[in-house]
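As structure tokens, here come the structures.
Look at the two complexes coming up: subunit A is in both, with subunit B in one and subunit C in the other.
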Partner chain A sequence: MTLDFSVVTDAWQSLLFGTLGTLFLAFSGMLIAMFIGIAGVVILRMQMWLPSLLVTAFVEIVRNTPFLVQIFFVFFALPLAGIRLNPTMTAVIALGVNGGAYAIEIIRGGVESIPKGQTEAGLALGLHKHEVFRLIVLTPALRAIYPSLSSQFILLTLTTAICTSISAYELTSVGQRIEAETFRSFEVYFTLTGIYLVISLVTMWCLAAIGRWAFSYPQR
Partner chain B sequence: MASMIEMQRIEKYYGAFHALKNINLTVAKGEKIVLCGPSGSGKSTLIRCINHLETIKSGEIVVAGHRLNDSQKAVDAVRREVGMVFQQFNLFPHKTVLENCILAPMRVRKLSRSEAEATARKYLERVRIGDQAEKYPAQLSGGQQQRVAIARALCMEPKAMLFDEPTSALDPEMVKEVLDTMVSLARDGMTMICVTHEMGFARQVADRVIFMADGQIIEENDPESFFRAPKHERTRAFLGEILAHH
Partner chain C sequence: MGIQEFTYLLQGLAWTLFLTAIGFAGGIFFGLVVALMRVSPSAWLRVPAICWIGLFQGTPLLMQLFVAYFGLPLIGFDLPAWGAVSVALTAHASAFLGEIWRGAIQAVPKGQSEAAQALGLHGFSRMFDVVLPQAFKLSLPATVGFLVQLLKGTSLAAIVGFIELARAGTIVSNQIYRPLLVFGVVGAMYFAMCWPLSLWGRTLERRMAAGQAK
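What follows is the complex of A and B.
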């Protein structure tokens, strides 16, 4: 068997745009996940039974069902609710919602790790509960769980490949198209593997840089 | 003399545990009280009730004319008048010394940043730590952190200060710098309630020393009489314990 990587090099532009598509899905998903994660923890902290129950149910449902099923569900459920989005936007929402459920669990752990004295000091100074959370607890809590959150976000980045199932525009779907046209399966997936590896490493590096910037204060 | 803090018939429970039993305490404006007693006697709980970090089952608390109840409005009013210093400092690690000091004045007292910074620098100077304003808490020693915590509380210009074992978490060589700061605050007429076992401090500044055990006030007196002639057996036993090594 001879290997012919020219089919891959000839398609470099498609692969580049596919990579950008993957990065777009990953970073949009992370932003939504981050938002859902913090919002979920805020709701849990209100300690009202119905909102807490809904958040807990959301977290458990998402964490105990396959992402492939979730993305099909969003893809076919949203139109029923009258919302028509293209596959890429659907993928962003599915990734964000899925990542958000995991983020809620992770961020909640971080918030619980912050000593009670921090909250008490804020309250004693006359700050209200929501101010104490936003201004005093949140940053140290995020710092505490930032490594876990980063690995979760790397996982989210790799999960974007599943979005090919609803024909979202990303690297794996581009690869599948090249393979279908050229039948050079090994060359195509070998290349995809390499590109995903680079995407992961670069994402990891970016997240670490963001972490260093956001949490630059010295730790005791 | 007008009273700054009034506590009447306070009862407090943690579940079935009766933490405070019929506490009656009036603190006059400018008065300095030292609260002492064995651990678990309720002294921290008592001062934490004053700024509503703990809720009471029954009784009445009036602080600087504000009657405390569970409404946010009453709690806000009281907390604006009362500063608190904790055993573990509780500085905010992600904020510089200066940011620690201006946060509440800006958000609660609605000062502008420049006003808040001016106030903060004044009080940081006062606790002799003005040159550390741009540092983070983790870069300071325990004694320095506790002095920042005192300055942070003073930045709200409180009418009374509560100290919850402010020197208990400090290395011995740093206790003095914090006590000196508290003494100078006392000299300036601040109303203070200090939970502490620093009996030298009690002798030096307290108008009254109160001894608590099992959630009750057992004995109170001026420091001279309190140390020289404790009336209650439990007070004598306690003083025997803590003064044995002095």
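What follows is the complex of A and C.
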């Protein structure tokens, strides 16, 4: 058994760009996910049965099917809907939809954790319904769910690896190209695993630091 | 999609269930080992468990599958594809279940093991007769949740080339050129397996929350 990591170190530039691709997928996917998450919770709170049912169905379907099947579905469905995107943008949408379902669950939990009296107090103070939601429900709820959202973001970052199946531009697909050229499968994937580990550790550390900074105001 | 394609998908589904069962069974055994090491007072046991959990929670399952698939033959284990995939899924499950059960073990009130100690039970009995049965109950919703995650995770074996449900779907889709239909059916099959589990997990969670509120 001889391991030859030179094929990997020689390709450090491609790996660096691949890492950036992975981060891009994760960030833009999370952005869409947050948007879907907030929109979904707003719809649920309107308490009309049909929209609520649709949102709940969306959440259950996404949470109970594999991301691999979802990304294939999106990949083939978008062109039929007349939307032609490159694989990377398709991956962003699939990641956003997937993360969105989890975000709805997390944000809903956080919003429900805010006592009703808080909303009533806001209304009694003469704030508008939207102001009450934004200032008195959403902000404290965000603090409550920040840890869950952080781990969801890490999870989404790790999920981006699956986007290689539609050849989106990210770390794993870059690795697979190196593997195809050099046949050094183990060295390539071993290195990729290490890079992913560094990405998630650094992300975790950054998110914790941001959390300490953003939610440092007194608890009560 | 004819009956032939559908049977092919069902064969893939059988493999998906098989991989899930192996990964979960192995995960239960090694996960218990990881959990016990993780709560051990000795740093020599605790630190490796922490690293093991961090390694598997901090890297994509897909990479774990690739490394096992290409790495195991290098260290002399010439396993068939399903064997390598099973090893990776088992290791993956052991880390996640280990972390879930660590939380459950630590959630059992400390008075329980102190009382057991006061009654003169030795360490082994204290853990296996007093703490673990209670921890098991506490951990059940999260454990079921992870089972769903593992079942979905087996789909990644498709990228390594193993023919389970997702891969069977890709093959059929390439044959009959109806990707939306095929992946719709494949998705529905996964949903039919995962959703009842998810509902069960939620029922357990609600029942437990009600019990704690009393």
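Heads up, the rule we're going with is that the second predicted complex is superposed on the first by the 219 of 220 C-alpha atoms of A that agree within 3 Å, B and C clash if a C-alpha of one lies under 4 Å from a C-alpha of the other, contacts with A are read in each partner's own complex, and residues count from 1 in each chain.
Criterion: contacts are C-beta pairs under 8 Å (C-beta built on N, C-alpha and C of every residue); 3 or more make two chains touch, one makes a residue touch a chain.
What you see is a predicted model; the values in this text were computed from it and never measured.
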Per-residue touch tally on subunit A - higher for subunit B or for subunit C: C
Contacts of A:Glu131 with subunit B and subunit C, given as first, second, both or neither: first
First (subunit B), second (subunit C), both or neither touched by A:Leu23: neither
Partner chain in contact with A:Gln118 - subunit B first, subunit C second, else both or neither: first
Partner chain(s) touched by A:Val7 [first = subunit B, second = subunit C, both, neither]: neither
On subunit A, the residue positions that both subunit B and subunit C contact, one per complex: none
Of subunit B, residues touching subunit A in the complex: 51, 53, 72, 76, 79-80, 82-84, 86, 88, 90-95, 103-104, 107-108, 136-139, 149, 152-153, 156
Subunit C residues touching subunit A - in the complex, by the definition given at the top: 54-55, 57-64, 66-67, 70-71, 74-75, 148, 152-153, 155-156, 158-159, 166, 169-170, 173, 179-180, 183-184, 186-187, 190-191, 194-195, 198
Subunit B-touching residues of subunit A, taken from the complex the two chains share: 115, 117-118, 120-128, 131, 135-136, 139-140, 143, 215, 217-220
For the subunit A and subunit C complex, residues of the former touching the latter: 1, 3, 60-61, 63-70, 72-73, 76-77, 80, 154, 158-162, 164-165, 172, 185-186, 189-190, 192-193, 196-197, 200-201, 204
